[in-house]
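Heads up: the structure comes next, in structure tokens.
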Amino acid sequence: MRELTYSDAIREAMMEEMRSNPNVFLMGEDVGVFNGVWGVSHDMLAEFGPERIRDTAISEMNIIGSGLGAALVGMRPIVEIMFGDFLMCAGDQIANQVAKARFMSGGKANVPLTIRITSGAPGSAAAQHSQSPESWFMNIPGLKIVTPASPADAKGLLKTALRGEDPVLFFEHKMLYAETGPVPEEADFSVPFGQAAVVREGKDVTLIGVGIMVKKSLLAAEMLAKQGIEAEVIDPRTLVPLDKDTLIKSVAKTGRVVISHEAHRRSGPGAEISAVLAEDAIEYLDGPIMRVGAKNVPLPYSPELENHVLPNENDVYEAALKLCGRS
Amino acid sequence: MQTGPEVSKYKDLYARDLLAEMFRRMTLVREFELRAIEERRGGLIPGFIHSCVGQEATAVGASLALTDEDVITSTHRGHGHLIGKGGDPKYMMAELAARAPGYCNGRGGSLHIADFSLGILGANGIVGGGLPMATGAALGFKMRGEKRVALSFFGDGATNEGTFHEAANQAGVWKLPVIFFCENNLYGEGTHIQRCTPIDDLAIRAQSYGFPGVIVDGNDILAVYEATKTAVERAKAGEGPTFIEAKTYRHRGHYEGDPQLYRTQEEIQSWMKKDPIKRFSKALMESGLFDDGDLEELQGSVIMQLNEAVSFAEKAEKPAVEEALAGVYADTHNGLVF
Amino acid sequence: MRELTYSDAIREAMMEEMRSNPNVFLMGEDVGVFNGVWGVSHDMLAEFGPERIRDTAISEMNIIGSGLGAALVGMRPIVEIMFGDFLMCAGDQIANQVAKARFMSGGKANVPLTIRITSGAPGSAAAQHSQSPESWFMNIPGLKIVTPASPADAKGLLKTALRGEDPVLFFEHKMLYAETGPVPEEADFSVPFGQAAVVREGKDVTLIGVGIMVKKSLLAAEMLAKQGIEAEVIDPRTLVPLDKDTLIKSVAKTGRVVISHEAHRRSGPGAEISAVLAEDAIEYLDGPIMRVGAKNVPLPYSPELENHVLPNENDVYEAALKLCGRS
Amino acid sequence: MQTGPEVSKYKDLYARDLLAEMFRRMTLVREFELRAIEERRGGLIPGFIHSCVGQEATAVGASLALTDEDVITSTHRGHGHLIGKGGDPKYMMAELAARAPGYCNGRGGSLHIADFSLGILGANGIVGGGLPMATGAALGFKMRGEKRVALSFFGDGATNEGTFHEAANQAGVWKLPVIFFCENNLYGEGTHIQRCTPIDDLAIRAQSYGFPGVIVDGNDILAVYEATKTAVERAKAGEGPTFIEAKTYRHRGHYEGDPQLYRTQEEIQSWMKKDPIKRFSKALMESGLFDDGDLEELQGSVIMQLNEAVSFAEKAEKPAVEEALAGVYADTHNGLVF
């Protein structure tokens, strides 16, 4: 299969949908002339023109809110929030307008709005440009929350988002943009929401990773393998909807689980996943449900401090080792 | 401040039907509010009511300048806008009564009534919340080359929210077919405009966004209608947004039950004298186009319509409890999102 | 001891601090002339005047952000957000400015800012006026999050907030305002952060309630008592900091736990509490960690639907009964 | 557009020391930026740099019009503001190098430098994020009856954020001693002001908030200084805020590494000719108050200071890893908050 970067996989999904549906368009800060600050939408302006690749003012509330308005009259907007850290600049539009429009109207509002958001620490970008906001809106019913971890999933999940009728928060990890991987070429390729991927099979411990921590969980699994521990690595892919069954099935098999994400530990996505397992899978567990995440400290600028605060494969490895009674 | 045409000009300028419809809708808004308040006291309606009594000319005048293809976004004080835009009092009353056939199946209530088939994108519980939505709808129309406009209603208080600023700016840049219609009723809840806004006329805010700001007498339905018509034409000609500030007043409290410690009886009384419906009926009669009997007949039809609306609401079924989970998503991925 | 309403207890704490410290002041929408939409600050304008009881424009970002600015130059502002639902109108100011000011400045910024927020469903107020946003900012390090459940705690915790040097999100449940209870009269009465209250002792099951669910957990405990089940009811009182020890100690004793809050179940405060227990107390557990919360649906207007979505004492009772193998 | 006084008037209007300090600080800002960029390439500095090369006159002119008691809020492009307000390049460089003695102990970096002892409430990574903060500081001053002002720096792009609108409105209502200082450098990242703002002069936005808006040539340090002085006096006299729009330009990319696809070399070159430092030195020499040697000496002292700053940063210790957890709260309740 041909290989694409995560970034180009996202771009390809957008371009395909824009080619096939005139109502799809992209709007955000510097997505056009600047090619997007992360380069994801490079040269899309040349193909689609400024009507469909819209550079906006620096006005996050209006970006999100007018995405909603356009969706309500039949468009299918993709809007970009340059850094996930700025998501709360538009917090109310997301929580009170976008998420609730359908329900409040008695199910009549259609909200095919995809909000693309970068997340994660790109290195020494400090506290306001490094956050992983995946869980900030998980308490708000009405949104779907997607965290692709590979180029194929990035494309496939984005296709599902763009073809659906509900608002989606689509989190792209900055440090995954340059990762390459095979991406199916079929025009109808998509990845459904609510289906976790078992990215490595194992029987001794389940490593559930969110976003970039899938990659790090795989690294941890290799390290564990050297210790004779077979880790199963699972990527939920979508946090809402959450594929509980796949998670529970794995835990039922291994009896041990380490959940990891780059978001802060407290009330990160892992809190919900852990709570789901503690509710529905506790009988299978041979030990505590371990969470690995950034320490509960704003992201520091200093590389050393930042490294100390961010979670990595070692943290997953050690948590798993401990769970398996080996540390 | 723009005012409407002289009484004597009515004949030449407006079709009698349009004038009748203006009167009928304003009366319908007024009577709807009074009836809803009564039914709330009587227990039929469980939630808050923010009535727009006194502001009928803005709601109806602006809405009647739109076509069915145009859309509006509304506010917490939205009943007038909805009726103005053609909303059916039956489904509105049923919604206020939290019944299944209500506009939102009883899920939304007064603050969230929407009817996409009529271009009503929704009332809103968030002050300033609907402004970006209107801008986005206008963007959609413009992108598809449709000759439609979006009109956003909001209050004086809402002009201090960041959403107003961001929406107006972007609309100005893209010359979107959107009308920012501000009902300046002097108060945001208990706060007089002079205590929270350092300018006398909100319309000057339009200068910041490169489009015209006009001031109209919001108790003069023809002035409101004319200003909105002009704005609609401008928008449809691709010339961009207009900000309309309509000066008006709400006769009742911010919500029903508000002790109104923040204003005097004198002030209220002085505005009661400027009642937009009384004023319009007087003018209609002076024009010779309508007599007492005509207006009473229209009024009577309104009362009948409301009686029907209330009895429809009373008889309507309550939503089934299992339905509470429906309608959050189009696609629940086999229930996984709950 | 004299009795006060929850509302008046909050008012008393504000008034005492304002009397003793000229830098304390109150600012928000309609807190003055209108007496506060919930009446909490009634007649405070008369005593303190418009300089210290400040009616603001309807501008939540500026309310929070200028609270921060005033705090940075030595004031001790109390700011009010009329409905917790509007919190995300100022989301960025809270998450990126208020929470991080101290850390980003190398610990130098002092942020004695108390943000008073109403939470909970007052009945048929629908989706944008009924939310319980306690967990929305739990993932953001730098904030303290407080959820008083009784008049005494309301006063005592607010005093701690107002005397501290850190930003506090202080959640007042609308349906508790009218509740009365004994409140100590001593001027120096305060309730420390990070100390859960054991509001009822029991040995069979632990009911952890947040905010108004403390009251409902107590009702559930009475119902359980009739079935011969002795429930221990615990109020964490502060979600950040969280008194893990008291929670774990109770769970170690009872082996069973039901966590409840009015916030939606998914990623509500209970997710974090559950995850903490699943990490640190799983060995004591004889069954799943149960969560009771609002269903994952925006709050409906219809009283019947709303009742169906909101959690109540029966839900707690039934979860506990099930845990105890009795249903 | 306001410009500074004629060269011939320098003698009468300004103390020589002040003029020298203006030149020295502008040069320090310029050289700081160039040196930081070099040290970033060399690996000493790990993070982003948004340089303000070309905008020295706004940063220094505005800051020098303030006293030590006054405060500023700054932006992502903040080095000039910080140096203007008296920030020490040593601790700044150490912060950029992520070292323990840096202004924020290496926790904040370029985007978050603050020094409360100098009235620097902080750079900011959020566009428009510091505006409400400045309004709040000014509120504190006013409530305590202190004769101090808060000045908020922000860019043209930031005027489209809701925070700008909300802060300006409330400051206008309360007549707070705050100065809204907009550095209009024509671009917000890659977006030219004409593509995101539908007006030519941002200063007219002040009309929406009931206070004056003035336009100054932002490459003319005396014009900036004068306009700010006037605003400070107004503020301290209790007359409320002023909006200052200073028209300027950044010579380099939005951040280091920006390919600048959005503008032409011609445009850049035309602005290079208006370099605020060259312009000021020319005027200083023409005034007869300074000669080549004087300015070279000042320049030399700046280079020395920066050499020291860099070697200070190089030698400074890195923050201890355990410290990462410190400084989040004043009171950690025995570590329970972590």
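Here are a few things to note about the model shown:
Should a chain be cited, it is by its letter among A, B, C and D, assigned in written order, with residues numbered from 1 in that chain.
Keep in mind that, in the parts below, a contact is a pair of C-beta atoms (placed from the backbone, for glycine too) under 8 Å apart; a residue touches a chain by one contact, two chains touch by 3 or more.
These figures come from a predicted structure and were not determined experimentally.
Contact count check for B-C and C-D (C-beta pairs in contact): higher for C-D.
Farthest chain from chain D, judged by C-alpha centroids: B.
Taking each chain's centre as the average of its CA atoms, chain A and chain D sit 36 Å apart.
If you average the Cα atoms of chain A and of chain B, the two centres end up 40 Å apart. The set of chain A residues touching two or more other chains comprises 56-57, 59-61, 85-86, 89, 92, 96, 103-104, 126-128, 141-142, 240, 296-298, 300.
Looking at chain D, one finds that residues 104, 106-108, 112, 124-126, 129, 160-163, 166, 169-170, 173, 195-197, 328, 337 touch two or more other chains. Within the complex, the chain D residues that touch chain B are 160-166, 169-170, 172-173, 195-199, 204-205, 207-211.
Remark: chain A residues 29-30, 33-35, 37, 55-61, 85-86, 89, 123-129, 295-298, 300-305, 308-309 touch chain D in the complex. Listing the residues of chain C that touch chain A in their complex gives 85-89, 91-92, 94-96, 99-100, 103-104, 126-128, 133, 135-136, 138-142, 240, 263-264, 266-272, 274-275, 277-280, 282-283, 285, 287-291, 296-298, 300.
Within the complex formed with chain D, the residues of chain C that make contact are 23, 25, 51-52, 56-57, 59-62, 64-75, 77, 92-93, 96-97, 101-110, 141-142, 144, 164-166, 192-194, 240-244.
By the touch rule above, chain B contacts chain A in their complex via residues 71, 73, 102-108, 112, 114-116, 121-122, 124-126, 129, 131-141, 143-144, 150, 162-163, 166-167, 169-170, 173, 326-334, 336-338.
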